[in-house]
C-alpha cells in the first residue's frame, strides 16, 4: 500500500514580483497549487524561471508579494516549510568527493527520510546499481544528475521544486524520471518545475504559467 | 518517518565534513605550513636576538595564527557554495545556524587543532620559555575557535563574490583585534611569570559569546549571499 | 590680539590650520559628492529617455 | 502615527520630505559650525598647558563622537531594514557609511596633528587613536562589501549584517584596546582625555558637536535621496521627476 500525502496541502503565491538589476522580470504573478498537481513554468531564457523557483523555495526574497504553504507565509515557517520540500536546482547539490550513497545519506539527514525506499533502492530506481560506492566525481554528468534526482525519492517531501531536471539525462533516464513524477503526483505530491523538454504528463492536473507572456 | 533530530543531523554533517577533509588531506597541511613559515620569517626579519624574540614571540605566534586562520577560512563554505550543497543545507529541516555551527566546528578541527598541536614547536623557535607553553596552547585552544566563528560570518558574507579574498581580510581582521590582544598578552604574562587568569577568562567569555552569536549571524549572511 | 597673532596660533599654526582646512575639505566633499552623483544620474536617465523616445 | 510611518516609508514621500529637511539642516549646520569655529579659534582662551594647539579639539572631538554615533545609527538602520524589510532604512544605513568613514578619517588625522606637538611624533598607539583606526577599517569593510556585491538590494543587506556584527564588537574592541594600552604604555599622559574643561572652552565644543550632527542629517539625506533615485530609476515617480510632462 503506497502512502499518500495529506490531501489538504497547498502552495499559494500572490502578487509576486522579481526585479533583477533594475529590470522587472515578472510582477503580479500568482497561482494556487493543490495536491496531485504539477506546475510547469515556461518562458525564454532570462525570463525569471529560476528566480521564481528560488523564491518559491524561500531562498530568494520576492520584491513584492508572498508565498504561502498551507496558508502560512513560507518565510515565517522556515525549517518547517523546508521539511516539506525537495529542491533540485541548476547545481546538482552533491559532493563530488563522496559516493552516491554518502550523498543520499546526508540528504536524508537534512530532510525527512523516506519510509518506503532506502538508499540502495533509491539508487537502483535511477539505474545506479553498482555505482553506490564510487566517488561521484568519477560518474558521468547524466549519472550525477541521477544521484541528485534520487535525493527526491530517498527523502519524503510532498513538494518538489525542480529546475530543468532533465538536463544531461539520456532517454532512459527521462523515462524513469517521468514515471517517478507520475507516482509522486498520484500519491498526492506536488511539483513545480521548469523544462525545455516535452513532458509526457498531461491532463487537468498540469498547470502552466508562461513568464514571457 | 519524521525528520532526524537536529543534534543527529549536526553530527552527520560534522562527519561528512571530516570525511571530505580526509579525502582531500593533501590540502590540510597548507595552513599549517603557512603558520610555521611566518614564524620562521620573523626572526629572519627582526634578528635572532633571543631577548628580542622573547618579547615579540607571543605576538608573532598569534599574528601567524591569525593569518593562517584567515588563509584557511575560505574553505568553510566555498566548495559547498560552488556545488550547490549549501542550498541544500539552507533548505534543510533544521535551523541553519546549528548546521553552520557543526560546519565551523569541523573546520576548526581540521585547521585550528593542528595549529595548536604545532604551536609548542613554534614557541621553541621563538624562544618562548617553556613555562609559558601551557598558556600558549591554552590561549590557542580558546582563541582559534573564536577566529573560525568570526571568520565564518565574513566568509558567509563574501561567498558569492568572485574575488572574495582581499575583502574577506578587510572584514575579518579588525574583528580579530580583541582575541589578538588578550591571547598574546596571556602568553606574554606567562613568560614573565605573571598570572594569566584574567586574560584566559576573557578569552573564554569571547568564545562563549562567539559560539552563541556568530552562527546566527553567519546563517543570516548565508541567506543574503544565496538570494 | 592682532590678526597676525591669530594666524600664528601661538606657534602651532601648521597643526591648527591644517586640521581646520582638512575638516573644511572633508565637510565640503561630503556635500559635493552626492550633488555630482545626482547630476550624473539625471544625465544618464535623460539619455536613456531620449534613446527610448527615438525607438 | 502608524499612518505617518507608513507614508514615510513610501519612496516618493520620503524623497519630498527629505528634500525639505536638507536645506534647514544644512544651513543650521553651517551657522553652528561657523559660530563654533569662531568661538573656538578666537574667543576661547588658550590652554595654559597646551597653548593654542588645543584648539584642534573643536574638530577632533566632535568628529570622534560623530564617527561612533554614525556607526551606531548605521547598524540600527541596517537592523531595521533587515528585520522589517524597510528599503529606506537600508538606504539610510548605506548612505551613512561614507560620511561616518570621513568623520573617522578626520578624527584620526586631527588626532595625529594634535599629537605631533604634544608627543613629538605623528603617531602614538594611544587607546583612542587606535580604536579610531580600527573603526575606520570597520567602515571601510562595510563600504567595500557594499561595493563588491552587484545586486544593490542584496549588497545593502549584507552590509547591514556586517554593520551589526561590527557594532556588537566595537565595545569589545574599545575595551580591549584600552586595556592593552594601559598594559604597554604605562602611565603616559593621555592628553586627549580632559577630566575637567573650562566652560568657555566647553561651549564651542558643544556647538560644534550639534553643528556636526545637523551636518550629518543634511548629508545623509542628500545621499539617501540620490541612492533612492538610483534604485527606483524605473518607477513612474522618478521618470516624472526627471522629465515632467
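A, B, C and D label the chains in the order they appear, each numbered from 1.
Assume a residue touches a chain if its C-beta (ideal position, glycine included) is under 8 Å from a C-beta of that chain, and two chains touch if they have at least 3 such contacts.
Every value quoted in this text rests on a predicted model; they were computed, and no experiment measured them.
Enquirer: Going by CA means, which chain is nearest the middle of everything shown?
Expert: Nearest to the common C-alpha centre lies chain B.
Enquirer: By the contact definition above, name the pair with the higher C-beta contact count: A-B or B-D.
Expert: Between the two chain pairs, A-B has more contacting C-beta pairs.
Enquirer: Averaging over Cα atoms per chain, report the distance between chain A and chain C in Å.
Expert: Their C-alpha centroids are separated by 54 Å.
Enquirer: Go ahead and note the Å separation of the Cα centroids belonging to chain A and chain B.
Expert: Comparing mean C-alpha positions, chain B is 36 Å from chain A.
Enquirer: At what distance in angstrom does the C-alpha mean of chain C lie from that of chain B?
Expert: It comes to 43 Å between the two C-alpha centres.
Enquirer: Determine the centre-to-centre distance between chain B and chain D, using the mean Cα coordinates as centres, and give it in whole Å.
Expert: About 32 Å separates the centre of chain B from that of chain D.
Enquirer: Counting only residues that touch at least two other chains, what does the list for chain D look like?
Expert: Residues 233 of chain D touch two or more partner chains.
Enquirer: Counting only residues that touch at least 2 other chains, which ones in chain A make the list?
Expert: Correct list: 61.
Enquirer: For this entry, which pairs of chains touch?
Expert: Final set of chain pairs in contact is A-B, A-D, B-D, C-D.
Enquirer: Spell out the part of chain B that touches chain A in their complex, as residue ranges.
Expert: That would be residues 1-4, 8-9, 12-13, 16, 19-20, 23-24, 82-85, 87-96, 99, 223, 226-227 of chain B.
Enquirer: Can you list the chain A residues touching chain D in their complex?
Expert: 20-24, 61, 63
Enquirer: Okay, in this complex, where on chain D does chain B touch?
Expert: 82, 134, 137-138, 140-141, 144-145, 148-149, 154, 157-158, 161-162, 164-166, 168-169, 172-173, 175-177, 179-180, 183
Enquirer: Touching chain D in the complex: which residues of chain B?
Expert: 153, 157-158, 160-161, 163, 167, 170-171, 173-175, 177-178, 181-182, 185, 206, 213, 217, 220-221, 224-225, 227
Enquirer: Along chain C, where are the residues that touch chain D in the complex?
Expert: On the chain C side, the touching residues are 1, 6, 9-12, 15-16, 18-20, 22-23, 26-27, 29-31, 33-35, 37-38, 41-42, 45-46, 49.
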